[in-house]
Amino acid sequence: MSNAAVIIELDGTGIKEANWGMVTMARMGGTPSEGTGDSKAGLIACIMTPVDDSMRSELESYGISTIVEVVLPQGLETNPDVSARALLSAVKAHQVSSVYGLSTALGKDLLPRMAALAGSPLVMDCFEADARTGMARTSQYSGKTLASIKMTGERIFFGVKPNSREPEKKPVSAEILRFDASDTAIQGLRVLDVQTGDQGKAVSLAEAEVIIAGGRGMKNAKNFDILVQCAEKLKAAVGASRVAVDSGWVPYAMQVGQTGEKVSPKVYIACGISGSIQHFAGMKMSGMVIALNTDENAAIMANCDYYAVADALEVIPAVTRILENG
Amino acid sequence: MQIYVCVKHVPDSAANIHVIDDIRIDPNLAFLLNPYDEHAVTEAVKIKEQHPEAEVIAVCLGPEDAENTVRSALAMGADRGILVQTDSIFDSIETARILHQTITDDGVPGMIWTGKESIDAEGMQTMFRIGALLDCPVATNVVQVALGDNKAVVDSERVGGVVYTYELDLPCVLGAGRGLNTPKYPTFPDVVKSKKKPVKTVSLDAGASSPDGASMKVVKLEPLIQTRTPKAMTGDPDTIAREIVTILLQEAKVIS
Amino acid sequence: MTKKYDAIIIGAGVIGCPIAYELSKMGYKTLNVDKLPDAGEGSTAGSCAIVRAHYSTADGVAMAYEGFKYWLDWENYLDNVEDEKGLAKYMNTGSILIKSQGHDWKKVQRNYDEVGVQYEEWSVEKIIEHVPVADLHEYWPVRRPEDPKFYEEPTQMLEGAIFCPEGGYVNDPALSAHNIMRATEAKGGEFIFNAEVVDIRTQDGKTAGITLKDGTQIDAPIVVNVGGPHSYLINKMAPGVWEGCNIKTKALRHEVMYCPSPDGYDYLNDGYHMSDGDIGCYVRPEVGNTFLIGSEDPECDPQEWVDPDEFYSGKGGHGRDNVLSDEQWKAQCYRLGKRIPSLQVPNQPKGIVDLYDCSDDWIPVYDKSDLPGFYMAIGTSGNQYKNAPVVGRMMAELIDACEKGLDHDNEPFQYKFKYIDRSTDVGFFSRKREINYNSSFSVNG
C-alpha cells in the first residue's frame, strides 16, 4: 500500500484551477521514489462526478494516471459526512497511503471528517507536503510561527493550502475506474438546505486573510465604498484607522489598532494610513503590508513590504477593475 | 442533558511568541480561553437557559495554569469544570481520545461543543475526532443552532457566505464559529458566583489510552520574523494596481 | 556640517512641544528632536489625557485649573494654526471625584475653595442619577483579585462625590502634541524625527549641543530634556546633570484597560470622568463606547521599574514588557466591576501598556541643571498631561530668566499664571528638593 491520491475539487464549471498546484505537489512528493523529482508510481485522482473527455485530458496533462470516479448516493451529494465516508472507502480500496486535498471551505469540512473516521493524522493549511517523509509545513500561532509536522500512521492526510505551488504539467495517460459508493448510508447527519445566496456577506476582520484598511486619505465616508467593492472581489475585510472612526466615516467595529481590533491577515493593504505606532499595534502581525499613500514620508512607507506613492482612491478602483476583468 | 464544552488554554493572540529549543514556544506569556471556545461556552449556557435541566461542563486538557481558562468558562456560566492536567503537548488524535474518555467517564453527553479551531495549533479537526470516537455526527463553523426532539438543527457556514443547514442526531459534536453569537462575558458578580463552582482535576494516566501509532508531531517550530524591507511600486495607478494583483496572486497567494 | 539653534528640545511629546512653542514665540530658534517618527507618538500617546483639577496641594490645583483654560480654548492657544490631521478635541464631560478613603478629598475641597475652582457636592442619590449603572457601596481598602478578601460583600455606603463641571479629557493625546508641533512650526520652530540623541556635548563647562545616533552634531547653547521615560538616560549623557539631581526619575510600567460599557449604557456620550479612590481606579469614556480604566496605583499593586529600551522592544519578560498582563487586567476591570456590576469583562485583555517617567516623589522636576544651558521638564508622567500648555509657558519663562542671569537655585523663579490670578514658586519643582512627603506618591499627584 503506497499509492498517493488527490481529491479533486470542483466548481460550477469543472475542475477548480487550484487543484493543479496540489496535484503537482502530490506528484513531486507523492509516493516513494528514488531521489527527488516525479515519482514513478502514478497518481490517483478521486473525483465525485462523472469524468468527461475534457476533464480527463486535463487530469492526464498533470500526471494523473488513475482517475477514480466516486459514485455518491443519489440526492446525498452535498452531505459532507456521506462524501467523507465514500471517499475514505475509495482510498482504502485503492491502497492509498497518502491523501491530498485542498484546504478550502469544502476541504475543511471534508478532510478532517475523513482523517477522523480513519483515525489518521492530518495537517490542514499546509504549504509543503511530502508523503515520502510524512512531513508537512504549516503556520501556527496566528501566523507567528512556521511548524514542521511529522505524520506517522498507515495513512496520512494533507490539507494543502491553495496556491502553495506552481502547477507543472506532466502528460501521461489515465485509466478511469469507477468506485461505487452509492450505498453509503447517512449516519446521523442530514442536509436540510444549502444557501449560497449571501455571497456578499462581509468577512470579519479577525478571520480575514486580506484586509483593506482606510485612513485619513480616504477623505470621507463615501470613499470607503471603493474599499468595500475591492474587498468583495478579494474576499477581504475592510478596516479603518482611528481617524476614520473618530471622523465618523465608519463604525468603531472596523477600527484596527491599539484601541480597536488586533488583526493578523496574510495581507494588509493600508490606504491613506500614515501608520502611527498605535495603528501598528493592531496590524503588525500581518504577513504582508502593502501601503498606498500620497505622502512619501508617511511612517508606514518605511515599515511595509510594498509601497507606492499614490492615491489609493485611484489605485484601488483599478485593482477592482483588474480583478473583475482579469 | 449534559452539555460538554471543550475549552483550550491558548496564548493571547496579542502576545509576542518566542520559540525556544526550535520546537516549542516560551510558555512565559499570557494564556486565555481560546476565542472560538468563548462562542461555544456562550451558546451552551444559552441552551441551558432554555433547558433548565441541562448541565454545562467545561473540559480542558492542559497544564495547572489552565484552571484559569476553566474558571473563565465557569464565570461565563458553565456549571462545573474538569481539568485534565498535563504538561505534555498532545496532537489532536491524542487530545480527542483524552477528551472523549474524560467526557464519557464523567457522564452522558447530549452535546459536545468545541471552538471551530484553536488559535494556537489551528488544526481544525479535534471536533471531528471526538465525533468519530463517540460515533456521532459533527458540524463545524456552526453559526446557528436549534434543539429539537433528540435532534439539533444547525447552520454551518463555509467561507464566502455559503450556509449548510444540517439536522444532526443527538448526541452530536459542534464546532462554534464567530457568527454564532456575541460572547457573554462575565460581570464581577458572575465572577464571585463562579468562585464557588467546582473544578475537578484529573491526572492524565486515569484518562489516557494507548496510542496505536498514528500521530502528528511538531518536529520544528520557527518564528516568522517580519523584517520588512519596503519595495517601491511605481507608475500610474493602473500599473501599480496590476503590480498589486500580481503580488496578491503570486507572492501572497491569497487569490487564485 | 553642524546646524545651529538657540535651543534644542529633546522630545516632541505633549510637554516638549509646548516648551518649543513658547520659546519660539519669545524669539528663540528651536529644534525638537525625537527618536520616534512623529510628534506625540511616545508615552504621550499612551496617556489617558485626563483633565481634572483635584490635587493634594493648592499649587497643584491652581496649575491644573490654569490648564483647563488652555484646553477649553484650544484653537486660540494654537493661534488658529491648521493641522492636516485635524485638531484634538477637549471632551468636557465633567469630573467626578468620589469621596472615599482613597483620596484626601477634604483637602481637595479646601484647595478648590482657595483657588476658586467651580464644583458641586453630589450625594449618593445624585451620583446614581447621573451614573445609573453605579453601585455606591464602599469597598475600601483596595485589594487584588488574588486576595480572598477581594470578594467580600460590602456593608457600608459611600458618602458622595465632588463634581467639577469643567473637567474632562482630550480625545487624542498624540494629536494634541501634533497640533502644538504645527503651531510651533508656524512660529519658526523646527522638528526632526527618527533621531535618537546619544550625547550631550559641552564646551567650557557649558551646554554646546547634541549628537545623534547617526553621528550628526547639532549645536545650541540651550538643551532641554523632555525625554519622557528616557529622561534619566538623557540626564546621564550630560556631564554632572544626573549626579546634581537630588530627585531622580525612573521608568514605571503602567497598564490602562479598555473594557466595553455595559449594554444599554451610552458611556461615550452620557458618561463622566471619574476618580474613584475607593476602588483605586479612574475611568473615562473612550471611542467604541468603552471604559478606559486607569489605576491609581494602590499599595497592593506591584510596581515594575523597567529599562525603557527593553520595555519598548518587548524584551523585559512577563509584566516587564509592553504586553498587557492578565493579572492586572483582572485587577483593574474587576475593581471597576464592583462599582459597575453590569460591566462585562472580556477574557482577552485590551488596553495600553506604556511607561511613566516617574520621579522619586511623583512630583515633576521643572528646573535648570548643574550644567549651564541644560534644563529639564521630567518626571511628568501619570498626572502632568493636563498641565502641558502651562508647563510649556512656565519652562520657557524659566529658561529665559535663567539665560538672562537669574540664580534660580537661590532665588526661585515665580511664575505668574496667565488666566488665574495667582503665582507659583517654580522652586517647588526643583531637582535639589528633598522628597516631598506631602505627595500622594501616585498618579493622583
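The chains carry the letters A, B and C, assigned in the order they are written, with residues numbered from 1 in each.
In this text, a residue touches a chain if its C-beta (ideal position, glycine included) is under 8 Å from a C-beta of that chain, and two chains touch if they have at least 3 such contacts.
As the structure is a computational prediction, the values presented were derived from the model and not from experiment.
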Review point. Between chain pairs B-C and A-C, which one is joined by a greater number of C-beta pairs in contact?
Key: B-C
Study note, to complete from the structure: Per-chain C-alpha mean nearest global C-alpha mean belongs to chain B
Exercise for review: Provide the C-alpha centroid distance between subunit A and subunit B, rounded to the nearest whole angstrom.
Suggested key: 20
Study note, to complete from the structure: Whole-Å distance, C-alpha centre of subunit B to that of subunit C, is 42
Practice item. Just give me the whole-number Å value for how far the CA centre of subunit A lies from that of subunit C. Key: 48
Check your understanding: Where in subunit A do residues touch two or more other chains at once?
Key -> 302
Point to revise | Residues of subunit B engaged with two or more neighbouring chains | key: 13-14, 35
Revision key, fill the gap. Seen from subunit C, its contact residues with subunit B in the complex are 151, 314, 317-318, 321, 323-326, 334, 337-338, 341-349
**Study point:** Parts of subunit A lying in touch with subunit C, wherever the complex brings them together
**Key:** 216, 242-243, 245-247, 252, 255, 258-260, 274-278, 299, 302
Check your understanding: Okay, in this complex, where on subunit B does subunit C touch?
Key -> 12-16, 28-33, 35, 38, 68, 72, 183-189, 191-192, 195
**Study point:** For the subunit C and subunit A complex, residues of the former touching the latter
**Key:** 36-38, 41, 45, 85-86, 171-172, 174, 258, 286-290, 352
Point to revise | subunit B-facing residues of subunit A, complex | key: 17-18, 78, 80-81, 104-106, 108-109, 112-113, 115-117, 119-125, 135, 138-154, 161-164, 187-201, 204, 206-207, 209-210, 234-235, 262, 264, 266-267, 269, 284-285, 287-292, 301-311, 314-316, 318-319, 321-323
